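Same chain, two partners: subunit A is paired with subunit B first, then with subunit C.
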Partner chain A sequence: MRRSLFGLTENTWLYLLLSLGAILTSLDFLMAFLVAPVVLGGGVGGTAMIGGIAISNQLLFSQKIFFFHVPVAISSFLVFFFTAYYGVRFLMTKDKKYDTRAKIATEVTLVFVILTLITGDLWTRFEWGTWWVWEPRLTTYFIMTLLVIAYFVLRNSIEDEERRATYAAVFGIFAFMDAPISFAITRLVPSSVHPVVLRSGGGLTGTQLAAFLMGMFGMLMIAWVMFRLRLREEFAGEHIEEIKAALEG
Partner chain B sequence: MAETPKSRMSSWRQFKAILRKDIVMELRTKEMLTSMGLYALLVLVVYYLALAQVGSKFDVGYIAAGLLWLAIIFTSLLGLNRSLVHEKDQGCLDALLLSPIDRPIIFFGKSVGNLLFLLIVEVIIVPMFYFFFLSGQTLAGPFWMLALVLLVGSIGIAGMGTMLATMSVNTKGKDFILAVMFIPIMFPLLYACVGAATGVVMGDAAFVDGWVQVYWRSLGIAAGYDAIMLLAAFGLYEFIIGA
Partner chain C sequence: MDPVLTEIYKTVLGAAPYVIAAYFLLWLGFIVYVAFGIRKVTAVEQQLAALEESVNRRGGSPAA
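Moving on to the complex of A and B:
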């Protein structure tokens, strides 16, 4: 096993990070329900009609989804960035290993995107009264989901390895352009009903912020470990193929 | 500046040669325009089916711009796919790559060709759409404003579409893959274009805060999208066509 940072093997690091990520994420849940105070009012001045329901001062228990939904969503944007990053690296070097990394980054993105959609939908149903609203954040995020799926559809449709890698890299770069749009849209379009929590004066109390940050870092750690483990699996698979080819040839 | 005219001249001539090739082929076969035009006409018939039962209870004007752009999307998907399938099937793409033409010029030439065909089809289907679904209504805005949106949207569709179609013709799925990539990537442009066009058709009835303002904002978004995406496509096309 290759030695890496501080004399520990990569394996040790991965399991350490995985455990730490799991602990932090669990703490995030526990704090969200046990310690963090309930959010009142959520910026709705007076009574507002949201999804056909009059809302005045009642972002209560449903708001707890925030501690899961927002870290997962932010992780999905951050991991998706690596699809574009490794795409650029691939186009610069034509090195196959970057293509593999870009593919796996997109796989991890898909996991987080699906989690974001599920948790977001729970909130939407409970707080806005409908399963789906074509509202700017939801729409752009849905488009991002379609782009992530299209990335895999494109890959599966090309047999030549180098061509697949090049097309996927270019498409990944174009696809990622939607992520900053989706992230910024609630700030750019003020009519959006989607709340903007991460802003100056966003109103997170200390314990809420602590719980949120724990979830954030915990999930990023888990994402990183998923990425590395999947990468090792992929390289091991390629290695086996090479050995097979050598034995047959 | 003594040396530059020669190389600039040759880029311009390369571009003209590619564009001319597409136009000559179209004039001989008339395949693209007839297939796109007929397909657009069929889409209009399908619209009639969708709207057949609403009678006078429903003002088509509110969705007219969306329907028009929908027809343009479907038609351009068909046309873009054909435009590149021709190149691929007859080995023309390989020949283009062998010739000493700069790769970005190929992108530029093919895009302008596709834009030209798309605009010709629009010249036919926009009036037809108007007579079929909006006859008797007057547009809230001047016609040139609608033409401007159509132009800005078509530039983005032709440019990005050429890029994506070059990818999709080399896959197993061809037209399906084109649609899967094209629609989500074009989404911001189409959204802005439908907004601006709805403003021209319906005016303040559709936008309470003043349609002219919405129009220019949407057009700005669409033009910005064109600029960013086409620059990116221009830079990345070399990788695509070389792979």
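Moving on to the complex of A and C:
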């Protein structure tokens, strides 16, 4: 059944949110490259005037990856939260719809996790000359990636629907516990690869913060659209099976 | 080129392919997933509509 909010169908809302998410994410990219100041690296032996500003440090162009790597990483944590949330809801109600939602949230999480790893690896490769560093944030995030994949392995290994949903719900709740650990680990174990940037009074200038927040909200909107599209596909598929069963019965 | 400027811009060209690749792969990931999602939803909902029409023509009512 198509619901209507403020006179607009879900289809319209989805396409509006998708467009808005794409616009915000695009603005994030544009601002990152055209407006946000370049982060300065180590000092060079001298000073040069660039755009009327005296520069005496290397320009860290690779830092631009921050403007999409961090939003997609934070989005992965937030979407993964819904795996745990819907897992709890399923355990409380035993309603299959929550299991479906948890599964789809984990699928979207997997997409964001893969994109986070790819963008992060490209940044690490350039900065440190290696594709991987076993530092705290990367290690805990890699564990989270394995847990997300294991969620699907678990689901595929159980035939019985009720048991599958229950085990997946419990696993999803425990798996999500790695997300806040991975997010907060750099505050507990300092790392030069992942400095604490999101903190009061430090790290980002006004334009950098504006670009980052646009990317953040844009990607969350895209994540929401991904979730709703898959949910509609699942429920339509279930409805088809119900009709077929009714016709055969 | 001025040696100071060379030193200042030293990492920019080297970093550019990685930055462009990260940007491109991110967008590709989003576009592919959303495009596939829209395609699948459209196909499934068309199938559902056809099935419901077929049931209605037979005079029955689709399962709730």
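By definition in this document, the second predicted complex is superposed on the first by the 225 of 249 C-alpha atoms of A that agree within 3 Å, B and C clash if a C-alpha of one lies under 4 Å from a C-alpha of the other, contacts with A are read in each partner's own complex, and residues count from 1 in each chain.
Methods note: contacts are C-beta pairs under 8 Å (C-beta built on N, C-alpha and C of every residue); 3 or more make two chains touch, one makes a residue touch a chain.
Keep in mind the model is a prediction, meaning the values are calculated, not measured.
Q: With both complexes overlaid on chain A, does A:K96 touch subunit B (first), subunit C (second), both or neither?
A: After superposing on A, A:K96 lies clear of both subunit B and subunit C.
Q: Looking at subunit A, which partner touches more of its residues: subunit C or subunit B?
A: Counting residues of subunit A touched by each partner, the higher count goes to C.
Q: Does the superposition put A:I143 against subunit B (first), subunit C (second), both, or neither?
A: The answer is first: A:I143 touches subunit B but not subunit C.
Q: Looking at the overlay, does A:I158 come into contact with subunit B only (first), subunit C only (second), both, or neither?
A: Once the two structures are laid over each other on A, A:I158 reaches subunit B alone.
Q: Classify the contacts of A:A175 with the two partner chains as first (subunit B alone), second (subunit C alone), both, or neither.
A: After superposing on A, A:A175 lies in contact with subunit B but is clear of subunit C.
Q: Just subunit B (first), just subunit C (second), both, or neither: which does A:F68 touch?
A: In the superposition, A:F68 contacts subunit C only.
Q: Overlap the subunit B and subunit C contact sets on subunit A and report the shared residues.
A: On subunit A, no residue contacts both subunit B in one structure and subunit C in the other.
Q: Quick one: in the complex, what on subunit A touches subunit B?
A: 91, 143, 146-147, 149-150, 153-154, 157-160, 162-163, 166-167, 169-171, 173-175, 177-178, 181
Q: What does subunit B use to touch subunit A in their complex?
A: 167, 170-173, 177, 180-181, 183-185, 187-188, 228-229, 232, 236, 239-240, 242-243
Q: Report the residues of subunit A in contact with subunit C in the complex, numbered from low to high.
A: 18, 25, 29, 41, 44-48, 50, 55-62, 64-65, 68-69, 72, 111, 114-115, 118-119, 122-123, 125-126, 222, 225-226, 229-230, 232-233, 236-237, 239-240, 242-247
Q: Spell out the part of subunit C that touches subunit A in their complex, as residue ranges.
A: So the residues of subunit C touching subunit A come out as 2-5, 7-12, 14-16, 18-19, 21-23, 25-26, 29-30, 33-34, 37-38, 40-41, 44-45, 47-48, 51-52, 55, 60, 62-64.
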